[in-house]
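Here the structure comes first, spelled out in structure tokens, and everything after it is commentary.
Lettered A, B, C and D in written order, each chain numbered from 1.
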Amino acid sequence: MKSLSQFLQSGDWKGEKHVPVIHIPQKAKAGEDIEIKVLIGEEIGHPNTLEHHISWIKVFFHPEGAKFPIEVGNYNYTAHGEGEVFNEPLTVTKMKVNKSGTVYALSYCNIHGLWENSAELVIE
Amino acid sequence: MKSLSQFLQSGDWKGEKHVPVIHIPQKAKAGEDIEIKVLIGEEIGHPNTLEHHISWIKVFFHPEGAKFPIEVGNYNYTAHGEGEVFNEPLTVTKMKVNKSGTVYALSYCNIHGLWENSAELVIE
Amino acid sequence: MKSLSQFLQSGDWKGEKHVPVIHIPQKAKAGEDIEIKVLIGEEIGHPNTLEHHISWIKVFFHPEGAKFPIEVGNYNYTAHGEGEVFNEPLTVTKMKVNKSGTVYALSYCNIHGLWENSAELVIE
Amino acid sequence: MKSLSQFLQSGDWKGEKHVPVIHIPQKAKAGEDIEIKVLIGEEIGHPNTLEHHISWIKVFFHPEGAKFPIEVGNYNYTAHGEGEVFNEPLTVTKMKVNKSGTVYALSYCNIHGLWENSAELVIE
């Protein structure tokens, strides 16, 4: 069997436009709303055309010590010029957790495949 | 044939917790980023449990005079207590359009079905 | 408020290529697997290009006498020529129900908007 | 940065119920419809309850020699007992490709995380 893990690309989002950017607070409280902002292209914009665009970003949270990651949300950006409407690959949402852990973002460009990033969250 | 339109419920979001709330500016400029905030439960919270939760919100834009609406984005809220992780049914995103029109939000509660709302956008 | 119901188009799938086709048995048994086939273009093919394609089909089931429809599944067809890969807008899946009711299919063409159809299911 | 690749689990689907099963023909012709059947639980069934279920299966195709995989489709199984309706984690669909390559399936159990499998396709 071959694994998709060979296709999970990453890098520094300041230099590579496909890498999802994750903004979360460094510290938060258990059970309180935590704002998550995920986006593509904060520093270098990515095309948004019918031929070439970001289709979706998924967010996962892996609580410290857990065996499996939990999918938090899945955000599809579906307008790439139809009727001259464009959705930017950006979602701000909120989650509640009760343990420290790691936030992962996975995104898909219809031409350049899968990209990921992660950020650490400390629950006090 | 029966139509799903019989199941598209709406109402005043201040009194009915399922109605999607749409926050957009009243006026914007053609081709510039427009922030859209859609959520459920701004006034009265909705449950977020494995048994009862908001699964998704879709956003459409109907440019004035167009025949069809364009799907802008689809936002799935997928954590409802797994590993004590919860995603709130809230998305802030951005779109660009070049004509005035109507923003529609359609949402789905796994128990109480389909709900919709709309808001007018003026492009200057 | 304006309603999306004005945009739920339908018709005879033998003459209108966008109408989702639903194949289910006319009768089935409670709690047993029921095969559902939903597709676009059984009689007249629909384009599948980056510029013009079917993005998704959703299936709902409305049990007789229930107040709300239940979303059964959501099927996104995401390859429209990237790398010369194309996914046809067709899904065969299975569901179990325990009451007679109506199966609804809702689909979205990125140019021609929302289309729906329904079919009756009798549970013996 | 941590990578989601540490969470991409696999194994023999005859012994591990989460592994997606991929049925494709071993050989096919360029540009002709190829049937893909992906499912969870062919040998050992997986639970389908509000608390524990398969949420989705994604299918990718990686043409031989290409740098990136193409997402073919994304299939969400959204009924896990609401109104006593259940969608089985099974999709049969069709794709067209014009090169040999590898089909990947990625799936998500809301409790046990991400699972993958692959199958080789020869285009004659």
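We adopt the following convention: contacts are C-beta pairs under 8 Å (C-beta built on N, C-alpha and C of every residue); 3 or more make two chains touch, one makes a residue touch a chain.
Bear in mind that the values here come from a model prediction, so they are computed numbers and not experimental data.
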Contact counts by the stated rule: is the higher one at A-C or B-C?
B-C
CA centre of subunit B versus CA centre of subunit C: separation in Å?
21
Per the centroid of Cα atoms for each chain, what is the distance between subunit A and subunit C, given in Å?
29
Residues of subunit C whose C-beta touches two or more other chains:
55, 68, 70-71, 76, 78, 82, 110-111
Report the topology of the inter-chain touch graph, choosing from line, ring, star, complete and other.
complete
Touching residues (chain side subunit B, partner subunit A) in the complex
33, 59, 61, 63, 66, 68, 70-79, 82-88, 90-99
Given the complex with subunit C, which residues does subunit A contribute to the contact?
50-51, 55, 76, 78, 82, 110-111
For subunit D, which residues are in contact with subunit A within the complex?
1-5, 7-8, 10, 55, 60, 62, 67-71, 102, 104, 106, 108, 110-114, 116-118
